[in-house]
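Pasting the structures in now, so scroll down.
Across the two complexes that follow, subunit A remains constant while its partner is subunit B and subsequently subunit C.
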Partner chain A sequence: MKVSITVNGKTHDGDVEPRTLLVHYIRETVGLTGTNVGCDTSSCGACTIHMNGEAVKSCTILAVQADGANLTTIEGLAKDGVMHPMQTAFMENHGLQCGYCTPGMVMAAVGLLNENPKPTEEEVRLGLEGNLCRCTGYHNIVKSVLAAAGAK
Partner chain B sequence: MIPAAFDYKRASSAAEAISLISQYGSDAKFLAGGHSLLPLMKLRLAQPAMLIDIGRVKDLSYIKDAGNHIAIGALTRHMDVETSKVLHEHAPLLSHAAGHVGDSQVRHRGTIGGSIAHADPASDLPATTLALGATYVVQGPKGQREIAATKFYKGFLESDLAADEMLIEIRVPKMQGAGWSFQKFNRRAQDWAIVGVAAWRRKGEAGVALVNMGSTPILATSVASAIAKGASISDAAALASNEADPQSDLNASTDYRKHLASVLVRRALEAASK
Partner chain C sequence: MAGSVLGNRVLRKEDPKFLTSGGKYIEDLNDEPLFAGALHVTYVRSTVAHAKITKIDLSECKTAPGVVAVFTAQDLGLDEEPSNFNAAAKRAHLAIGKVRWVGELVAAVVTERADQGEDAIERAVIEYETLEPLIDLEQAMNSKTLIYEECGSNIVMGTVEMGMPDNTGDELFKGCEVVVKGRFMNQRVAPCPLEARGSAASWIDGRLHQWISTQHAQGVRGEVAKANKIDAEKIRIITPDVGGGFGAKINGYSEELLLGNISKHLGKPVRWRETRSESMISLGHGRAQLQYVTIGGTKAGRVTAYQLNAIQDSGGWVDLGTVLAPFMTRPMSQGVYDIEKMECRTTSVVTNTTPIVAYRGAGRPEATAAIERAMDLFATEIGKDPAEVRRMNLIPKFMQTYKTKIGHTYDVGDYGAALDKVMAVAKYSEARAEQAARRKRGDKVQLGIGVSVYVEVTGGVDPMQEHAKINILPNGRAVVYTGTSPHGQGHVTSWAMIASSETGIDIEDIDVVWGDTDLVPSGGGTMGSRSLQQGGAAVQKVSIELVDQARKLAAQLLEANENDIVLDKTTGAFYVAGTPSISKSWSDVAKTADVKTGLTHEGTFVASSATFPFGAHIAIVEVDTETGQVKHRRHIACDDAGKVVNPLILDGQIHGGIAQGTAQALLEEFRYDNDGNPLTTNFTEYTFISAVELPSIEVIHMETPTFVNPLGAKGIGESGTIGSTPAVQSAVIDAVMHLGVRHIDMPTTPERVWSAIKAVSA
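Right after this comes the complex of A and B.
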């Protein structure tokens, strides 16, 4: 099936099998491997990207459902070599340990601040309930998001 | 995990979706947000030969004040139910419960109609709309019909929807200022409820439904009639499992679920009575 999907500002036209998952399309067809596959069951959030500006789990969306959509992946956050404020906040607050959950965590956090620019700590914790960090590094992740919210 | 191969068609209207499903029959499934169906397909627990994508049927995403009830289009996403001002005012139990479905990423994709049509007893919105006395509007080749939520759920993941029918609207009576509470007991933030309770109360009147307490969402009619007869909240809550038949699984035994149901119904009724 023919699809046209814009990823980080660049439109990709191609033919996909209907069963192709969006995360596999992003990683294998577009070649952007920053988006990780974690649990593959829409629990862990490692595959979180933005679809038309909202955080979604790309392991539970078919590429054909994203036909015509505008996607942003972790690779699309930095502009001209300058990190997004959320990325800077994660770096400065030690918001990552092994790093596996980080792309999804950052995308979910950016999505959260788009919807709620000044969240409380509790709202950050609730807002990131769909993202698991198996290093259990939540404390500094929450700190990073709060720092990014303050920096805006 | 990649689903087994299937054919894919897109419908741009309810009528086109119904005509397609009539053509492909029971081998076909509707795909809305996909957040119930795709996980099942990845695990090969569902293997439809044809997916009919209704996610682009634009005119089925709405929340409207229709006088004595609120009409919600089947393709309205959980996030839109959660944040709807109309629902905050007239059916706050439903918008609150919608905010407890999965996590924010799931709520950006999943739809109220998808959740109800999937008829999972562990899902939040089937039980919540049941507690609220909702009516579901379905459309088939011969036109529309209304099904009371109390008559809709037939078994585990089974509903009164015929193979060629599509859920198009959920009608929720206005709560008229009734007190309400949604209790969800789970171990991880985003999980399904081990047991959940949706309840409302207006003086001697109450509606209580249970999540994950049997093969369908359960209307706890014994609790409601005890309240109507003037029973205390704790006496009424003790009857929570009268209509239920909860399973034992890795999360909880049958007895534990029954215990939880009584505790959560009591908490829900206390909160709804304030």
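Right after this comes the complex of A and C.
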């Protein structure tokens, strides 16, 4: 099927197999590998991106469903070489270790603050429940998100 | 930043890449020319736990779209190979004649695309004659059905069998005023690195190049050599970014070790990736130790005798898990206590389950959980506060070695101070008062307080050494080559800090290389909390020696006596003492050594012994006595890892360990049904801990340097899991103790807590 999908400001037109998941489209067709796959049950959130400004798990969406959509992945978050405040907050607060959950976690966190700019710690924890991390114990991730909220 | 940066909170050099474009994990290597056009391998796995294979029919697989080849053990010429830990146990990388756990590999299917393999394996026909599945440890121990017939028993290793003294039973407790017994199941858990495994293999000019998501490239190279029956020199292992390991990616696995052979047969590069569901049953599991404890002492609270009988589940192969009980749990079984009479017997048993490997803590969390739960039972029996009973029995502070009754010589320890610190921050007395008030009122939600004090062993696996090389390039930049293998631990930053503090070269101008065996042929990898104390110490050692060499070269350039040359460690400038205005840079010195390659020095740091980090944790939980629901409210941790190089990274290691320990205490368990079918094979069934189940963690710093290495550093990678697990478990039990509950096995799920309350109120 023919689709036209804009990823990080660049429009990609082409054919996709109907069963292609959006995450595989992003990784294999567009060639952006920052978005990761961590499970096969839509549980881990490593594949979180923004679709039309909203955080979504790109493994739960077919590429054809994203026809005409505007996507942002981790590669599109920094502007002109300057990191997004959330990326800076993760760096300053050691919100990542192995880095595998990080792209999805950062995209989910940005989505969270878009909906709730001044969350409490409890709200951050609830908001990130769908994004799993095995390294950090979430402590510094939560701290990063709260720091980014304060920095806005 | 340069100069004396050790001990500072330095942000990680590696982070911008991970945060802006993401790491380059194995599945991201889509433009690697060395394995361009690789075919995909998918494995046919056993669907039964224990059976003879009567027929393997892959004819239908061959006709599936995209299939290039199919292989059985016979097709690849595989033989059964003995286990490193019990030579009588033998198996091949693809099953020959028999399968021993659900998920074991039976055949390989090679396709043009990965998704074609998933479809093709559905067409494999494997016929089985099922055997009695042995899932329960004690059932396996006593069964006449043997998983490895040649072993003559399902017991594949034991301390008594190895000639260590047996436990004397109740004899040990003669004269004790109080004796308490317990049976604890330290349950099976899945390590769950967020990146599952993957690998690619390619033969280039007669040499096997293999990319692998591993914690120890140099170790895997030996396994790959054995699997391909070639010399290690003919193999290059390359480690891309690794998305977590937690001990489960130390060793090579059959899925990876077969790739060279398959690639050779086809004359093409091959690659393999696993799904999460595959990973849950074929990446090694952790813990799985059944413990019988007996503790005895005086009514006043002095513990005089302790006995542990540990039965270790090895799973379906005699893998690393087999040796954890005798060589990690047993020597640490005495913990932080001064106990007159100590005994520990361990028995490792094969079962029809996924093999057990070294999961974060690997044998030490089990040792700590056993004695900490025993201390709680003892304290309850004599009606005293568990923190007070611990304090009465702690080994007093020692800054020289302390020899335990059973196996180890600890380096330094100040356990009482760690306990004091956590009790002060927790406001222990106030928490107890609050608990008493809730009990008196008969509140629905009760408060539980759990205390643990621990000591563990790090860097203790032979050979206790690490290699490092430092190369100053003609442009003055430095490249550090290390035998450790970071996968989240921040060695790029910490090793740069160490090299910078000795050379004065800016951290930003120091690169760190690891995990490629052509570039770093010798190394011990990252495991057992060894990296800083051995790998970091090696970087420090070669940096110091390099500076000595550089001073000689600078002396030539400055036409001065070598003894008069000074290195300014904040700027990296060499000058003659007294005249800092005329100086030579690292670039000048490197070019003098060799105008093309610069100045290079390498060496090995050899540690005189393991180190013994220690600490204390307090967990405060709320338990809903009507539903059994647990809420972890506060976690206070004091973990002493000696001198700290980077507190930012130290805290991160502590947090992560505590989350994994808490996960074991509250939520996680890998389960099987009675037939050996795995029940928790994905993240909807396996209750991977999330941000919601954890509180923010209150970390207290304490630094008691070790004399074992010049950095004064001990390991921190595993401490969090070791201290937290018993603290959280004990807190849950403590919350319902007044109702008569004495023990709840982990994970303390709402169902288990509710059932325990019902059992005592019935």
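Going forward, the second predicted complex is superposed on the first by the 151 of 152 C-alpha atoms of A that agree within 3 Å, B and C clash if a C-alpha of one lies under 4 Å from a C-alpha of the other, contacts with A are read in each partner's own complex, and residues count from 1 in each chain.
In the analysis below, contacts are C-beta pairs under 8 Å (C-beta built on N, C-alpha and C of every residue); 3 or more make two chains touch, one makes a residue touch a chain.
The shown structure was predicted, so the numbers you read here are calculated from the model rather than taken from an experiment.
Novice: After the superposition on A, what does A:Met1 contact: first (subunit B), second (subunit C), both or neither?
Specialist: first
Novice: Pick one for A:Asn36: touches subunit B only (first), subunit C only (second), both, or neither.
Specialist: second
Novice: Using the touch definition from the top, say if A:Gly111 reaches subunit B (first), subunit C (second), both or neither.
Specialist: first
Novice: Taking the superposition on A as described, I'd like to know which of subunit B and subunit C A:Ala66 touches: first, second, both or neither.
Specialist: The answer is neither, since A:Ala66 touches no partner chain.
Novice: Considering only the touch criterion stated at the top, classify A:Leu126 as touching first (subunit B), second (subunit C), both, or neither.
Specialist: In the superposed model, A:Leu126 contacts both subunit B and subunit C.
Novice: Does subunit B (first) or subunit C (second) touch A:Ile26, or do both, or does neither?
Specialist: neither
Novice: Could you tell me which stretches of subunit A are touched by subunit B in one complex and by subunit C in the other?
Specialist: 40-41, 43, 126, 129-131
Novice: Along subunit A, where are the residues that touch subunit C in the complex?
Specialist: For this pair, the touching residues of subunit A are 27-28, 31, 33-41, 43-44, 46, 74-75, 77-78, 83, 87, 90-92, 94, 96-103, 106, 121, 124-126, 128-143.
Novice: Note which residues of subunit A are touching subunit B in the complex, please.
Specialist: 1, 17-21, 24, 40-43, 45, 48, 51, 54-57, 60-62, 64-65, 108, 111-112, 115, 126-127, 129-131
Novice: Give the list of subunit B residues in touch with subunit A in this complex.
Specialist: Result: residues 1-8, 31, 34-35, 38-39, 42-43, 51, 53, 55, 79, 102-106, 108-109, 189-190 of subunit B touch subunit A.
Novice: Show which residues of subunit C lie in contact with subunit A when the two form their complex.
Specialist: Within the complex, subunit C contacts subunit A at residues 11-12, 14-16, 18-25, 27-28, 30, 192-196, 241-244, 246, 275-277, 487-490, 648-649, 651-652, 655-660, 682-684, 688, 690-692, 694, 696-697, 720.
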